[in-house]
């Protein structure tokens, strides 16, 4: 069951409306590495998890991502301001906000492409799902870095700082979870076949700088843990 | 902020696995009238609502729809059972569940088309948004009626009964909200122009059975309210 | 059978080319509340309607929406003008028009997202379909209000005025049709179950401002009719 | 302006319901080579055509394709029959028809993928547009050939025969139109550059069986014309 | 098997970064007439071709289109430059490049819509497939003509010239292939039915400027060949 | 530049046609974890890589994935057999293959959803891109495990074995590449902010089983390397 608390996880505000930036920030609302994608991915994956601690972790993080989505949308809403005007003096406005949604935030990426569950990775295999989540958190952090660089509004920057750091925290926790389950599922019997040791040199010129003589399943450094 | 309670809003169970029906039930998970669509629509609309009572209503219902999504997904998960086998004796299996998600529920409709925010209607105009929600709840009820008819599993039928009735409740409440705001936004100045009174008879043969001599903005019967 | 008359339903012209506005107007050509969506929705719904008067109404309006689509596209075509130049001095051009379609109108929304039948609602249940249509007409009106506000070209404004008023007329007629069939299909046996009377208070803080002690199926005020 | 005549262009009937075949026939309703695609392509292209005879041809054929869409949808409607039952004894049913549309025809392809304007080709260049149309008509014919082969219902076969022959007629007329405009637009100045005469042999083993020593713009045999 | 040579098929460079133009050039990377679409279409079609000379031709051209994709992407990459800044002084930037991809080229069209296999035409019928390819090459040429007109950068113009001429070469070769197989598949038994000789005059006013008294299957002028 | 060698990377054959399984195998041709997705992801990422060894690795693997795509498509082609028959005795056929592509392989997933570049992850940040690739390879392996379980055809199993092992090899090599660049890009300055150390306990009941007192950037065990 999901419950909603009208307090945001962390308050958001803006120095001033900035519709052009609102468009860009939409990337983290309805885009391929955005908060909705993250929430939906972890919720979808959680249904078949048997380990109660890991299931709990996935649902904690999923709930937080939904709460991030709410923060990002609140910020887009404030940045959109109050004046419908897609054709005016702004260098490049947020077209859908001005012709379709009445300046309400909308579940698209920065280019207006609607959110799609095609962004969501679910395999039912815990090592593959957690690796997907680690990669997703890392990509989300990168997008926030790009967004941080393109705004001077101190309140928006504060929100981005907060969210970026939360992605780091989630990433760290997913790696701890990976260590716990690393000998299971698709990580078992890794590299026992001869074909797993080959290197095909198919882009020339170029020599083999990498090799796979002793393939091992993925495993993270223990320094990621908390001892 | 969103919080998760590990208890389902209403417990779900199944008499037995039924992968073919799981496919059909996916329609209400990731389909055009499904629970995720409803939750996302009401959350997205809520950001620009100023009336605190109506905003509260939208967020109550949105949270409940997220909780319905969880119930539907839990049921799909149980119906998918434990045996990966898309090519076997079942009349027509759930292909993605068997080749992609390891039998985990997935955010698609019954045909495997990924959820898209193209299903979500947001206009920033309260009369239009509430009318969209009333229509969405009515459609969701109809889909549950179709799904009810095609399953004998008593526990699945119980869940569908519950969800179908909840859509009726939401529908009723949205109409109360509509009565409260009916003289605002796009409902103002309705039909003052001559063009709003015309009937173009463009499919022949056929005569005009309807007319628009005195156009009025939408308004529901007061019997929908509770006094 | 569909026939085409080379006269537009209502002549369109523009004071001058305005490629930036052409982009915005595309929203009503290939967007989620646009004319093509409306035409396709009513045609698709019409196939299973048995009541000849209502079927006639749906097909009259569908044919008119196709004719609106033609008007909007003609206007986009004029607004696009004659000079291919997406990178020039315009604040934000219509990229596809300049690189793909040679300034021809294109079945996308204002952001360039292709029209999708995901926008089209069909349930085979007449109350649900008509409620969907009423909501769709209200949303289409809102989009035209936004578009009206962002253009000074008097001819474009005339066209938008005309189309906006036609959506009001359609809305009014769909409500008359709803009154005729309101005791049928998904409107029957409404709210007989206890679950249809509950309110879940899931967004806090907040109290119940609405209730569902006596749920009734949707029904519009008789003042919508024409007596 | 579009007008609708309640008589189908050609009457359709079926020997008996056949939901499995209805699914397949949906391909020509909302699929990539279907009737809606053809109608939308020719309408969209027509807006910038200056030659009145060719513009007339495009709109005649577009109107006919809309009328074909109506025939195909009517046939799907009859083939869907009257019993909602996606999980029963049929080898593989039409899932959306049974859970979403109440057996109404729906604008998807045979797999349930919604119609998308991504199927529609418009360039604003007459030679390219007509070549696109010739290719589209040929593909539509092929799909009807596949569909013909998989049904024994004599009435459905009659309809497919009719539609298949109409695609041939359209194809023939588009080629006549091409001959008329063949020295214009993208067909001018063809092959004047040295790069247009090269052959890159990039899939080996294999030798050059084709060459481009004297490249000419596309032009159809005069036997396609009617003298 | 595919192999990669780190040399581009033809070297690309730019006079200076031009992010606005990079956006437009993306059309030929991930758009509906772009290089990826062409490569995927010809590869997909090749699998069922039995004639070894034609299969060889398809794979030669497909490999060249992949190599064109690499050239276009390399050029987009250079045009994107080095400064992430979607909100600055550029008239209208490449939003995804600035918020998502770190200025890397991305498989979308000029509006940011992701590449879709919905653009790819495959029928398993050789006449239909080759006609699709001739049309696709003609459209690709037209897009390059539009792109050529909107840039002054001499190196980008050189690349576009090269690619445009290559599309002409492919077009010419596909027509030679068509002549070889023109009496096969969907080109057989053309127009034998009476329905293939009708003209429906459905857009009025207008008279029949075209006729189909003697319909013939498509066939190109022999002047297209090289003997 | 890409070149094609008509020899497959590894020969494929099938014991007998199996259209139902062909549908399932399509998942790895045009699905979200399929071979085309992998090839496009690594090619797209490669454009901005400066380290020549890593760039070489990405292009070697991308070329191999294109070659895998060819193998999978060849196998789908053989499994589709020679008889167009979507409505016959097979439990659930491959609809598009029977009505659209003439049994040619098609760039969709197992449910017929067209390939979309929405599956492709590119960030321009090397740690994020490589983590995305490791996750992608692990998911691809899992899909092959599911596919392996559902077929008895020994030749198809051999192909799947080969491809599954190749994904392990790629995974291993991407981890070696990660070790080489692990102190760069988004991996720098990890966890310096207090917000990166918090745990929000948002799904109850449940306690914190994980913590982030000392967050570190991702880093794989050295045992993955080849010393």
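Details
Note that the chains are named A, B, C, D, E and F in the order they appear, and that numbering of residues resets to 1 at the start of each chain.
Assume a residue touches a chain if its C-beta (ideal position, glycine included) is under 8 Å from a C-beta of that chain, and two chains touch if they have at least 3 such contacts.
Just so it is clear, the structure is predicted and the values come from calculations on it, not from any experiment.
Considering every other chain in turn, the ones in contact with both chain B and chain D prove to be C, F. Seen from the Cα centre of chain A, the chain whose own Cα centre is farthest off is D. Equivalent interface to B-D within the set B-C, B-F or E-F: B-F (over half of contact pairs identical by residue number). Centre-to-centre separation between chain D and chain E, using Cα means, comes to 19 Å. If you average the CA atoms of chain C and of chain E, the two centres end up 34 Å from each other. Separating the CA-averaged centres of chain A and chain D is a span of 41 Å.
Inter-chain centre distance (chain D to chain F, centres taken as mean C-alpha positions): 34 Å.
Each of residues 1-6, 9, 32-33, 59-60, 62-63, 67, 91-92, 100, 102, 108, 111-114, 116, 118, 123-125, 142-143, 202-203, 206 in chain B touches at least two other chains. If you draw each protein chain as a dot and join the dots that touch, the picture is not a line, a loop, a star, or fully joined; it has some other shape. Interface note: chains touch in the pairs A-B, A-C, A-E, A-F, B-C, B-D, B-F, C-D, C-E, D-E, D-F, E-F. Chain contact summary for the complex, chain E toward chain C: residues 18, 20-21, 23-24, 27, 31-33, 91-92, 109-113, 142-143, 146-147, 149-151, 202-206. Per the touch definition, chain D reaches chain B in the complex via residues 1-6, 84-93, 95-96, 98-100, 102, 108, 111-114. Those residues of chain B whose C-beta lies close enough to touch chain C in the complex are 9, 32-33, 52-53, 56-57, 59-60, 62-64, 67, 116, 118-119, 121, 123-125, 127-128, 131-132, 134-136, 138-139, 141-143, 145, 161-162, 165-166, 168-169, 171-173, 175-177, 185-186, 190-191, 193-203, 206-207, 209-216, 218-221, 223-224, 226.
Per the touch definition, chain B reaches chain A in the complex via residues 1-9, 30, 36, 40, 43-45, 47-48, 59-60, 62-63, 66-67, 70, 73-74, 77, 100-108, 114-118, 120, 122-125.
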